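Consider the two complexes below, in which chain A is the common component and chain B and chain C are the respective partners.
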Partner chain A sequence: MASGLALQLSESEKLYLIDGCADNCRLDGREREDIRQYTIVTSSETTSADGHPPLMLSNGSARLILSSSGSTSTHILCSVKVEVMTPSQSQPNQGNLIVHVEDSLAANSSLSRKKNEEDRNRVQSIISELLATNLIDLESLCIIPYHYAFNVSVDVEILSGTAGSIIDACCHAIRAALQNTLLPKVVPSSIVNDAGTSMDPVGSSSSDLMLESDLSLAQTPSGIDNAAVVVTVTVCHRALTNSYLLLLDASLEEEACCFCQVHVAVDAREGTEPTICALRKTGNGSLPWELLPEITALAVKAVPMAKSSFRVAGSSRNNASLLQTQLDIQ
Partner chain B sequence: MPRNYASLSNCYKPLPFNLAQSQQASTTTTVSKKSKRDRASHELRVLRLELGITSATGSALVELGHTKVLCQVIGPTTTSTTTVNMEEGTLECQVQYVPNVGYPITSLVGAAASGLALSSETQQHAQQPTSGRINTQIGGVEKELANQVLSSLAAAVPLKAYPKNVIQLQLTILQDDGSVMSACTIAASLALVNASIEVYDMVTSATVAVMNDEDTTQPKLLADPTYSELEQADAVVTLSLLANWKEVTLWNQSGRLSSTLANEAISLCRDGCRSMHKFMRNALLDFEEPGGQKTTTQT
Partner chain C sequence: MTTSLRRADLLSLSNLRNDGRKPEEIRRLRVQLGPLAGEAGGSALVEMGLTMALAVVKGPMECLRRSDELPDRAILDVKVSAAPFGFGTDRRVTNANTDRRLVEAAHWLQKAMEATVLLQLHPKSRIQIHVLVLADDGGRLCAAINAATCALLDAGIPMKDFCVACTAGLDEDTTLVDLNRREESSSNGQPAVVLPCAMLPQRGTVVLAQCEARLPSTDTLHRVQAAAMDGCRAVFEILQAAVRERATTLLSARKGHASIENAFP
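On to the complex of A and B.
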């Protein structure tokens, strides 16, 4: 129900799926708490000249590919652009981070346009509410308080969502893209009045800031290594035994017959207890009270697994072959 | 025939708009963030629940302190638009802030970052968000609230009993002083009952704000926070419960909380929901149809 590609399953298919989950064997053979491995493509790991990031003109970018058994795959492209702006009056020491999610391929599907737009907005609002303040240290984006700060704008494009688990995938892609973002080093040029008194109000942009052209001085945004990770716990209800089953990393079929989903953003730094930064329940089912602590415990347990279950695909040759197989125009 | 009047408590003055105070607070960052709270930390605000005040099928007005929300239910009606669901009914929800009054504008004015001005004269103007920008921001908030109210009520309405029908909920937020999500859920739930739409259970809702107190090391849990308390809070937890079934239909947390603190906040929400349910029951049982008949409700 997170994208316009929600499946319609018959009742017997749903029963089959849920009974399988109860026996700890899901449709693709995983156990209930197994997470699929995904591939992240960022800039090349090698130092050779032909390595380049997925999107050359953005400050940072990443591609995430999650393929399930069969031909389904979730393919996310994330781009980070940085610009200089005036910070707001109420928070003059902070920069800004905006997350925007687009699902353009689903707009061409046969479902009605209005429902598509609602689903797209849903993914957008869930991700931006869960992550916008929990990704990087906003105070490090400030250049001159009250006058200049960085505005980091993260744009996520969902190229394909058929393997389900879109929100988790978007969050991993955003994290990878931000880890590969380089903030240009910007130095304020000195502005002192001839009389030596207080600074003039900072005027137009061109003369106040100097951009260091040395790329080695550019830095990644601070705090990204401690960014929150979003884990989606899918709750399925088994009517036969009136029991609730908790799944991690749901596929599209499992999302279609789930009772509800809980998206948890967990901050798991080294050395401290994992804390939950944000939590959101979506879906129309009602959870019994005893299930709430189980859900949060499962989400916290899954964070180290989610952080480590990926492999990085590097060189440009791999990029070309990935392009060919994954971006078939249908 | 509904009553043709409804009285709002404290409707003579809108909430004070104090831009100077908020700007001052932002420049002096060492100002302590304590606000005087005139009720205990677990106490709800002055509550007022009224039913059947407009001519819609069902309606309810909820006042949680200064937060005032009106809900109208239209339906079940047929719909001639696009796809009709043959197996079960559809629940639609629409939220609207009364323009220029409902939304707490202090949160928007001066709070928007803007692009670099082209010349120094226009820089002052660039700080203020345009009304168009405010409207799109409010529109996003309205849509989000509508989605959340819908998902918190969907479990309570047996939609299979209303195939091919649409039940529309229209929420108007007259004034937002914090806990607006809870007020909307309560209003919608009461309005559904007032419209004689079959429901499995009443949906109650409560919001809790968690603030780190500088004096003591124990963080404070405040039930039913006002808008200023929400702004200063480190974390906010909202919970909607099916009152008798004791099942959770909406669960939101924004802000960092350790697991013990999160559990405490959820328990406080649950207690708030329980007391809210008692008030809702009393309001329904005391409600008299203008014809003199009391509603029969099994709550």
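On to the complex of A and C.
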């Protein structure tokens, strides 16, 4: 429902699916609150010796593959690019982070162009509203207040979305990419020394900032380990008993016959109570008010599961990105 | 007193290029057939050095508008788009429909593929090719052509031959093969000599050759063209080996001797 791939199911198929969910056995055999395992690729080789991240020309990148029953798969590629800019006047101590989601490979037929536009903007607006302010600590992106700060651009490319659950997958991919991003250490050159020349490859700020070429001083953006996690709860309505069923990690078929979906961004860090950062409902059904606490409780319960149900292909962190070779040239 | 040799001096002493290659060497080429396993049709991911292009092919299928279809052959619907992070250095968001260079690349790609695919076998149908450029370090059009060829093969669409592409250029009288972004960018205020060339290697015919810079003489043009064709043949070796390997895997999977895991980088 969140992308242009909405399936068309017949009424009897929908009935079969929902009855199965009521019996706690979904189409692929999972229980209602089971989530599928996904795979994160942050390096291309399986041995840690020669690996490099999926996108060498970006500061950080990750690829996420979620495949269900072998034939359908959701494939997401996320890239993080960092540049130096002047912070805004209203928030001079903060950097900036923007999230952009794109589905370039969606079938582009002119008959339904307007619908495609709407669907694409929907995923983009959901993810940027739910996540953009809750991912990293923006104040740590500041270099010199009022003058220089980092601008982090996170770009998500949906390569394939046939296994459903696109928003959750994008959220995990963004998190993995940010955890593998290295921000170069940039120091104001007036502090270092006056006679030194600066080798700043960024260009515009070459007389004020100096780039540390030692890669071991580069750091990941702070706050990413406590970033919010988005959990999508799919609500199905069973007409026979007039009851509502809640599902986690819906496949495309389940999204096609659901009543509505609620996307919850949960901030669950160690030692404190989990808090809900943002919530958004999509879909045409009108949700009964009493159901909302149940939905949010389920989302909060699912966060530790979602954070840990992945396997990493390749070594998880390696520093052999292009940043290193650029800085190593004499 | 110790003197340290700068890397650039070291490279020029041994006649190597700025990334350590010899003038006639192509970049590392990695091909992955069928990375998007769930999609109908075919897909391929081609990496020439750091330039990455993903092609998705769907078809043959019905035309969108009756007025588009041709009575005796299929039409090719080609679209080339770039991810926001897939441009040179900085990140730019452009609309794929209006960026002139991407539209031009789609046009060249269509011409190259029309010369390769056996369109007469599917009258009144449409084959849709969509190429997404994920990273650009020079040779964007060539990576797109190579990716489209592999994706068409993965989809099982009949073709006359592989259509392989490679760039060639000139650097003060040495011909270079497979230029990266630094070599493609203009130096000394003059545009660099870049000749992307696509050919059908087994037939030895050239499908696409394009150069927008001034060349000193027609002899130079012949030399650069010959270098481009040598580069194409080197690319062909690698692509053919990748396709053969994929076909062997699929065949043995069908017989039950092996199983196909999810395609991974």
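In the analysis below, the second predicted complex is superposed on the first by the 288 of 330 C-alpha atoms of A that agree within 3 Å, B and C clash if a C-alpha of one lies under 4 Å from a C-alpha of the other, contacts with A are read in each partner's own complex, and residues count from 1 in each chain.
The rule is simple: a contact is a pair of C-beta atoms (placed from the backbone, for glycine too) under 8 Å apart; a residue touches a chain by one contact, two chains touch by 3 or more.
Every value quoted in this text rests on a predicted model; they were computed, and no experiment measured them.
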First, second, both or neither for A:Met56, with chain B first and chain C second: second
Touched partner set for A:Glu129, first chain B, second chain C, both or neither: first
Partner chain(s) touched by A:Gly285 [first = chain B, second = chain C, both, neither]: first
Partner chain in contact with A:Val84 - chain B first, chain C second, else both or neither: first
Contacts of A:Ala163 with chain B and chain C, given as first, second, both or neither: second
First, second, both or neither for A:Pro293, with chain B first and chain C second: first
Partner chain in contact with A:Asn121 - chain B first, chain C second, else both or neither: first
First, second, both or neither for A:Ser73, with chain B first and chain C second: second
Chain A residues contacted in one complex by chain B, in the other by chain C: 83
Chain B residues touching chain A - in the complex, by the definition given at the top: 22-23, 26, 82-83, 110-120, 123, 126-127, 140, 143-144, 147, 151, 154-156, 242, 245-259, 262-263, 266, 270
Complex contacts: residues of chain A adjacent to chain B: 83-92, 96, 112, 114, 118, 121-122, 125, 129, 148-149, 151, 201-205, 262, 267, 273, 275-289, 292-293, 296, 300
Residues on chain A engaged by chain C in the complex (per definition of touch): 39, 41, 44, 54-58, 63, 65, 67, 70-73, 75, 77, 79, 81, 83, 100, 102, 104-105, 107-111, 153, 155, 157, 159-160, 162-163, 313, 322, 329-330
Contacting residues of chain C [partner chain A, same complex]: 6-8, 35-39, 50, 52, 54, 56, 58, 64, 79, 81, 83-85, 90-91, 93, 96, 130, 132, 134-137, 262, 264-265
